[in-house]
């Protein structure tokens, strides 16, 4: 299968290139980088020194000519334009930006505070979370890969809302992410000496991922869900841990049963104890643990992913595997690093 | 003023020694370490190489003979016995364990799952948070220095509960602490390779500090407060950031007005933006910021302290300053490190 | 091919288990752990939650009965005994301790300050560095996998000494290693709060790896090499960077030509710039860069590896691949992590 | 004493502001920041929230009018111009750039590859290392504060060269620095995700500090010293550890005796073991340890400082204390942080 990657040198793009490099079913035809066209991938990420690629400028015709699948890893807003041109070709598109995650352009435009550049594609695109939309993904022409924070929150909450086990109001998602989530951007707050030994919250009550989480959980619950979502920046490279609070009078057995929807999922593990970031870093896994607080009629759920893998590049590849009829785990079944 | 430190070589004890070493009004008479008696402080913490102390075995009579103030930095449970003996002397005692923070021994015994060894002193002891109990502290013979997590949570919430601005139910305290909070203990989960690049929650729905926070907030609110408290372990050395959620319909002005109780406090700053751990690390400050989410009728408060200073040794010294009539900021007015 | 791992739960053993889990040619028959027999691998390293193993107590007969290759990851000293029993069976043994890296038991005994428990095997064992001993490895019954620091130093220096391009005296190897190199041991200096934001040298003039480096470089130079080796502990998990100084009047062309011995090596890259730890972390690669200082007639070489992979588990698997006639890169050709 | 700081918002400038804020003898009249004039110090470094300053644009006349001491924390090259104007006033100047550390403008121009803008002041300026030039500092009108790496290297080597105990050729200084040493500059290689879990060498055989180290050691040795200096970037914020190699046949006693020159120095400690960065971080101390390798006739010296304090701002204040007749340790005698 011939694939191309547009935006190969951001952090998510580079991680996608890394995963695709050892994927047995694909051949990388074009690795596109606006900033570094003409250079080698190993000039930008020296870890590619033993398996290199030449970066190209964007030439959509050339890409369309020989690509079956195109991954687009562009900033939101700019993605819509490129994707709408690719969409006209035979290629199927897997977009890692926020632009094709929404059903309702107005919702996107409100939270992203920008016009949507390709509204007509929103009803074609599929929200690329295999655990929720596996069948639709298989036949999709365009995928909007879920956001990193939403992946951790939705996988934890959707089964409980679908089963009617937690209250729809009062949900709080307190998430903490590694710094790769902020991208490879030369901004002062991302300097080592600013992040190291520090920890901070940001985007209180306004972070865009709130709307994405609410959209999918409202579908799961079949009623409107609104919730508090607070992201934080961890002084680590990879990983998201979301601590989630919801009011419930459900029993341990009921909760456990609701999570059985994941029994056959290759990349979701509901564990007995509490997951930690290092349990999933380097893998495509989402690990979920929880504790019911009978004293307060509340459940506290802890959900962990690697933001660059299950939260971005790995989930994108999982989508591709489904779309192309490959083994869903191909290229993704490595054990996490722990160390 | 002659002071002694019992338990000088744990992380809180060592920090206390560091602060006291540059305190102008005190003379350290005895630095007690069970494990390292006879050694020098600089054998255990080489940073003391330019200002050293000889560690001694515990001899309560010797301590009582020449100490005006005794700091006890012992594990909870063991502290009660030592403190009750010190209490008989002329010395005033500042205890950094949990043993003298409670009014009700039963509450302590339930959450700490152990017998209290000196119940008779509980009504003598003062909860050592100057912002709440300044006058009582001045005359106290025995202080229970507040816990680190409780300090961050109580300072953030007490004024709002006292003013009746937030709902008493539905409060959630999601706290993240640096690893010094776990003490200098050679346990596998505290190894560098286990903590580094990791993040985890622990003690869900059962952490002991829950009871301490609830005790003080119930007093502030003049009604029983129960809440969810979830601690997490950050891969940094120092600092606590608590993200706190409460339901409210109060206005910005009301909240701001309630926090004016801190206007003259030397060590609490209510800031316009959001505080980060590096804004307070190395200082005795508590920085508080907040955002009202009108969409959800909820306030999100972010409260930051240095767990070893305002959360332990610094607050202990602040208590001493009040008890001895020193300038309340003596030894504590250094600017945080940031770097 | 049936393989077994003795010592599967130390850091090197766990990394070996991780690599072997995705190796296409092998089947893990026995994963042995003295401390955790009966538990699951995922109880000890939760990253194995999606691909688990049951840990067993050591039963050498059982292992010999069905293992073609046995990896031994035991502390030096204790390894010799187990290996000598395995050696009697049909199994071929790949030992990750220091016990079978030496030709001369006296050298081992002097630097390790202990008796060697299986001297008779030293002349059977092959020093498992494929770049130096590929042919001998293929037919070996017993491999002593090189140490982590020695791998970084020997790969950098052997070609230059073999070509007579640098002086044999005056060589200095200043090495810096991530903390996994110290193993999963609950010692105070390995606690997070002791290692984080710190850096230190240790073992000056006495570290055991000095003798291993000198042994192999003396063979390469065909004359006795003695050198200064100083290890340091980095506040990171993985990776070694060695900065190496040697006196030389050789030209850039001569040095470059000497390093051409690595042109066909799959896991050694001589790069134009300077390698960094993140260029190789997560891979089996050794990246080497250098600068000739004409002013001082000295060459400075920088050599980087992942201490757990090329410095331990990966190199062990590379040896197995050669011994078993597999593709030498099987299980090892993943791109490093960078992030 | 009235002082001003030009360049108050770089990392060294901010550290200087922090130290001066608790210095009992000084009053900060002007804190100058080109980029942030008009803002508050706490807008840039929120740790100043409890002790704030208003940042001003550069007005040399205003500064000269009321400042006894002016600290200049500007990039090399730009410093010379400002300093030469200040030099005409009554103010005494303490410059933290490289511009006034050299006796010979040609040496500066060669290594810094730029014209020197105020050559006429070089013979007026004093190299601000109190351990070498205390008396000259007291009367100086202009100080060139030593570089961070040079401070660690010169303090370790000068006494041994002065005593003729080590060979003048063959010296190697392998230094490792925290990332604050690179300044607050928004460059890609300084991003958290690039520095974290990484380690690298840079500037091999060409780093400018080589010339500064050689200049001062040549004076100490009274013969020309050339040496290899290799800096490395540590994934920590603060601290430098230099591992230094020199050929010697001197005895332990001879070395120890040579270091007795530091017996009365308040900020240099020669220790029995090996110093680590955390032994000095947060303090103005330089800790030196060593080991003689009799096998190789070589001494290995380990020298540690906090690069922002003894390597920059602290040493600058130590100079001021001498120039103004204050206690040399005023504002600088705090114990390091360790944690």
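All chains are identified by letter, namely A, B, C and D, in their written order; residue positions are counted from 1 within each chain.
Going forward, a residue touches a chain if its C-beta (ideal position, glycine included) is under 8 Å from a C-beta of that chain, and two chains touch if they have at least 3 such contacts.
Bear in mind that the values here come from a model prediction, so they are computed numbers and not experimental data.
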item: Chain pair with the higher count of C-beta pairs in contact (A-D, A-C); value: A-C
item: Maximum centroid distance from chain D, chain identifier (CA atoms); value: A
item: Intercentroid distance (Cα basis), chain B paired with chain A, Å; value: 39
item: Interchain centroid distance [CA atoms averaged], chain A/chain C, Å; value: 36
item: Cα-centroid distance, chain A relative to chain D, in whole angstrom; value: 46
item: Junction residues of chain C, two or more chains touched; value: 11, 180, 193-194, 196-197, 235-238, 276, 278, 281, 339
item: Residues of chain A touching chain B in the complex; value: 170, 172, 174, 176, 193-194, 196-202, 204-205, 226-228, 230, 232, 234-239, 241, 243, 245, 274-278, 281, 291-293, 295-296, 298, 300, 302, 339
item: Interfacial residue positions of chain C with respect to chain A in the complex; value: 11, 14-15, 18, 21-22, 45-51, 180, 197, 237-238, 266-267, 269, 271, 273, 275-276, 278-283, 285, 287, 308, 333-339
item: Chain C to chain B touching residues, read off their complex; value: 11, 179-180, 184-188, 190-197, 235-237
